[in-house]
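Here chain A shows up in two complexes: once beside chain B, once beside chain C.
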Partner chain A sequence: MVNSRFTEYLVYIGNVALAILIGLALGALIIWLGGYDPVKAYTGLFETSFNPSDYYYFASTLSYATPVIFTGLTFAISSRAGIFNIGAEGQMYMGALGAVIVASMNLPSPLILPMALITGTLMGALWGLIAGLFRALRNVNEVVATIMLNWIAFWIIEYARNYGLGDPRRQEKTISMPIEGRLPLLVKNTELSMAFVIALVIAILVYIFMWRTKIGYYIRVLGAGVKTAKYAGIDPRIITLYVFIIGGALSGLGGALEICGRPPTYAITTAASNIAGFGFTGISVSLLGLNHPILIIPASVIIGGLLAGSRGMQIKAKVPLEMVMAVQGLIIIALSVPGFTFVYRRWRIKKALRGGESA
Partner chain B sequence: MCVDNSLVLMKDIVKVFPDGTIALRGVNFDLCKGEIHGLLGENGAGKTTLMKILAGLLKPTRGEVIVKGRKVKFRSPADALRFGIGIVMQGLSLVPVFTAYENIVLGSRGTKPSREFVEKLMKEVGLIVPLDAVVENLSFGVRQKVEILKMLALNVDILILDEPTTNLSPSEIRELFKSLRKLREGGKSIVFITHKIREVLEVTDRVTVLRKGRVMGSVETSKTNPRELAKMMVGREVELLIEKPPWRPNGVALIVDELEVMGDLGVPAVKGVSFSVNYGEIFGVAGVEGNGQIELAEALAGIRKPLRGRIVMNGDDITKLDVSERYNRGLAYIPEDRKVALIMEFSVLENTPLTEISYNKELVNRMGFMKIKRIVEKSMGIIKQYGVVTPSIYAPARSLSGGNQQKLVVGRELMKDPRVIIAVQPTRGLDVAATEYVRNLLVKMRSSGKAVILISSDLDEILGLSDRFAVMYNGRFMGILEPDKVTDEELGLMMGGYTYEEIKARKV
Partner chain C sequence: MPELDLLGGVLIQSTWAMMPILLAALGEILTERSGVVNIGLEGIMLISALFSVFVADKTLNPWLGVLTAIGIGAFIGLIHGFISVYLKGNQIISGLGINTFAAGFVAYSIEVFWGVRGYYTPKPEAKVPRLPVIGVSPLFLATIAITIVLFIILYKFDIGLKIRACGENPEAADVVGVKVELMQLTSTIIGGALTGLAGAVLSIDWLASITKQLPAGRGFIALALVNFANWNPLYGLLGSFIFGFLWTASEYMKNLEYFTRAIPMPLINTIPYIATLIVVAGVIGRSRPPQSVGVPYRRELD
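The block that comes next holds the complex of A and B.
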């Protein structure tokens, strides 16, 4: 059995490699059709993400990996419980907002950072809880609820930036986190801060939580089906709430860390442009990492590299931003496919096992 | 046999399923034009399998099917439809959010039948349904009619109904029977699959009785009676040879009082059941599947909240307690479906604490971490004591054979040292050795002073193991008896819907 599972993962890695190639090829086609040079574009992409001769770029890759580790974990936990929480986007917005609120409060300096992280975490948890309550108590589909809540969160931060939390000198962003509330950088003159280390620690903690604690066990039991959960003496509604609260808290913390640990702005910019999209990218990260907290880490680095490399594509090959985004999206989708089919196949097997044979 | 008006002739039909189950052992069946033909039998008799063959859903392993004088080999339901054969299965197959009309015309090939056509059809056959109503808002009785109309819209003249009265109220059943008679007048032929003797006597012209894949008889309804049908339907095949020390009931373990439980479809599935079980006793619940047994078990375990009634365990009212508190007080539940009892993707080890971790403080520390060491010990203990064959406790449950999966479930539940054990179909699908093993375990539990509630549709199992047993029919107990004081005929009658009192009072 061990052997067959090992082979399974080996095949998976092969599939990921293939997906990367297919994604790159499709992207190249688009770049070429747009009249640009794909070779130049991809050289730019790799030079500014995984460049072995300049650590600045790899640091940038890891700084992009940081937020999507959190949103990836949010999705992974929910998906282990058989729930499709795609609200990490909004939960991350609320977390970032929480940190900005603390930044605006003139707290004594040693308090700023911990308060910012705690407030962000709690606001993310609250945002998750709302969707959780809808699902647990009224059986509202979580996809609908979380998508709606994403938009509500978006407009709340836009409102906050315009009225009250905006930077009085610079219209296009909120108040910045004061120097005392910022996380130290891991590598000088890069965007990589302690936030990345926190993300790694949290991923490991989530792994321990899911596989070593009673609540984590319950969450995974719920993923096996409501019938089994009830048989085990578990109240599915309560576990559903846990899933949303914990997931929201993780994305909320991720959002707060963007404010406390991401140069240069340390703030939310217009239309949330510096944090938008991480929530959804987290879904891809989670699928690529097979919804496993530890595997999410390498997955986040691959996808972080894509995000970081987009600038290089723009600068080196003069590919316009819109096209860079399209290519990026294409490669991310291609990357999610093997993970999705892997998870889906297991789910199919599970379902086939459950839906018995009729005589 | 039919006189000059034979529509369907099935000759020497044998059906062996890929897993080796022999469902039909050489069955002959004939259907005449314009008759309602009852197909009577208990679970596993082969009724549905036989009709699935006729409707093109299954292929026979051997045997001949002749429809309207032509030898046929159906490869799909569409083939059968071309010969005018349509089946309405137990699980209603309508689209809940479509209207009745949309559902009726859904299966049609080519041009969709017009509204006028369907309205005319309804008048002709006397089945009137509100065509614009959305199906999920309709009662089960009306849905059944929609199903039949759907078949008629496909020009079906041989209609097969599989247990059509299951979720219907008595008045809806009367309505349905009226419709069936009208259809017969219009020249349709109907096969009516059921285990309900009363209904067979009420609505059919002829009846064929199946038992364990064999025809026990085919008679004209007017020339038979409930007792004769019951005798054909039920028979003890083998006396189970299980050594059982004498019955020594030792105090009341469980009292169930006027229990009423809702089924999944929003219709009560248990309709007022009362009984008590003693320590040192196996209390059996027999009956054809789907008569409320599962809902009863789930209510006892606390998974389903009862509508009414009381459950008292060991002197305490547990009606309002949740599942884990009942487990904590010594209740163990072995459900029918192993895919519910075990998480197939989880390892044997991870399946070990499933029903215990919610209440047993020894398995979890104060911080909420699982005590892996304790659980490993427990897991090893179960494997050793109950002879579960697995490469290791880290192997996923799905890699175990069915018998070993069941041993794991039973072992896990018994290791908790429960006082009251509810076992539902505990030997289904197991091989002979595993079956015997599980049965012996239950007897051992009973003899060591525990109360065992055995719910099974395997009559031999109930009669062989129980000290007392009840026969459940349509959500009620038809009687509570001792196995050696009951005849096959009485059993058959109770399973077919007559109470023990009625039988004894010679009202049947």
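The block that comes next holds the complex of A and C.
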């Protein structure tokens, strides 16, 4: 029974559902301790994210799912290689900055959108590459390297907003993407643009890359262990660089798409407030999606719903919207435990062994 | 001599800047020596900082705030240790979860506790007083003492050998009768407590405020320092001074027109992070982590 792949999947889905429930339950406890009404809070949250009677809210959910698909893929690819690239945050900042630079350049209008996306992707890839070089050549812990680069990227975009790329009329944001460089909206009067469709296509392409190409295969072999990879004739350093470049490119593209595809500002706002947090949220998305490019899509919709509904929760129940971040943290902690069924199985084996000894 | 005054100021300030990084790194050195890795330092600092401000501000007693921070740190260490040691969870993921939770929880709690968004400054009475004459924080002396005590425990006492054995070769430790799991859990709890103290240094001693990004990456710089120090508390002391000095120096540069004309303000803020990367990249090839760090120890096959 345990050998069957289907049962394993059921166990995984059960674990994911359990982790989400634990996160929401402990979140409710914290909301209650804070003096708010948890029922009202969660009703507000779901009414403004998965409300069947108003498509606007679901479109909003999908618009939040878009960037975290990209950052989720970044984390997923690195996880598959046994590496923890938690630098999607900074890589996304650099991608967004790349798009803003293109927006400032007065290019001929058909060139703006492709140039913005390409520049953003390349700048994200560059940011990933730097982290990769530290990891591959100097053996610097990638967690440390990526977090340092996140902070550096943060101050670089703050610099860019204050010196040269700021909107001359509105201090609180950079130059906006001109109308010719914007992606069409999928649903009128919502924030959902073509960027979501691009995200879906990219997720499928990453799946094909990971399971149907040589490099993808090498990445997964590296995940089985550095020694394993070496025996298979793979240079772990080269594959590590691939992981960081591709991961950075994905988050960079995600950042550029935020500039080209998210109303109303089409720009980076003060302290990156409109893109901050998507990188770290990608970690929750990837973990909920079992680090699988296709499963990341439903996971991104769940997390996108939390993000989209956080404002409704704040308006209807006065609960500060950062609460959903805390819920995400609780879900991640719950997911770090290798499955409660696994613990149960272990306990059963232990019991059986003890019984055997005493007999 | 204004230059000398400036240097003196930078040195005194550096004693503050080095404390949170050093305390968190000391906690992590102990935790990793026992075989558990905890990358949730940033989150532990942040949550401890929050509660220490809350208690110190309510009671107007900074020492109660310090104790609270230590307690909260130990509690989160207990959770992480339990997941890592007994549930055999993924230690990196658990640490990431702690950081994510902290970022959301603290921003939420600042509003719940004080009804303000994003930023709170405690009353002056809630601040840890400075020592007379030398002008440093009493917690600085405590930090130096903790460094030396931790070094002596790890290298001169039987228990230190046992802890290090758990991180190097838990099977061997188990065979000679060391209670590996208990040793790892205790080390993780103490590591969390020291990181909690680091949080109190930030919120009621040095910076005397609480924001949702108070540690600003110091939890991760502490992780870098652990590598830099080759898991040795005394090297940690040296390294933390380098990091603390760089951090303080970059703050001072912002006040000097000479520097701000050469490097614009927002970019000066990148100096501590760039310096951390360069210092760590230059040294790390020679450091050696405990052999079994981060791998859950399983006694029986499953």
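Criterion: the second predicted complex is superposed on the first by the 316 of 359 C-alpha atoms of A that agree within 3 Å, B and C clash if a C-alpha of one lies under 4 Å from a C-alpha of the other, contacts with A are read in each partner's own complex, and residues count from 1 in each chain.
The rule is short, and it goes like this: contacts are C-beta pairs under 8 Å (C-beta built on N, C-alpha and C of every residue); 3 or more make two chains touch, one makes a residue touch a chain.
Keep in mind that what you see is a predicted model, and the values were worked out from it rather than measured.
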Chain B versus chain C as contact partner of A:337, first or second or both or neither: second
Touch count on chain A, higher of chain B and chain C: C
Chain B/chain C common contact set on chain A: 346, 349-350, 353
Footprint of chain B on chain A - complex, ascending: 1, 212-215, 217, 220-221, 224-225, 227-228, 230-235, 346, 349-350, 353-354, 356-357, 359
Chain A-facing residues of chain C, complex: 39, 43, 79, 83, 87-94, 96-105, 107-109, 111-112, 117, 212, 216-217, 220-221, 223-224, 227, 264-267, 269-270, 273-274, 276-277, 280-282, 284-285, 300, 302
Chain C contact footprint on chain A (complex, rising order): 30, 34-35, 84, 86, 134, 138-141, 143-145, 147-152, 155-156, 158-159, 162-163, 280, 283-284, 287, 319-320, 322-338, 343, 345-346, 349-350, 353
In the complex with chain A, residue positions of chain B that touch it: 17, 19, 21, 23, 44, 48-49, 301, 303, 322-324, 327, 333, 335, 337, 339-341, 343-346, 350, 353-355, 357-359, 364, 367-370, 372, 391, 395-396, 398-399
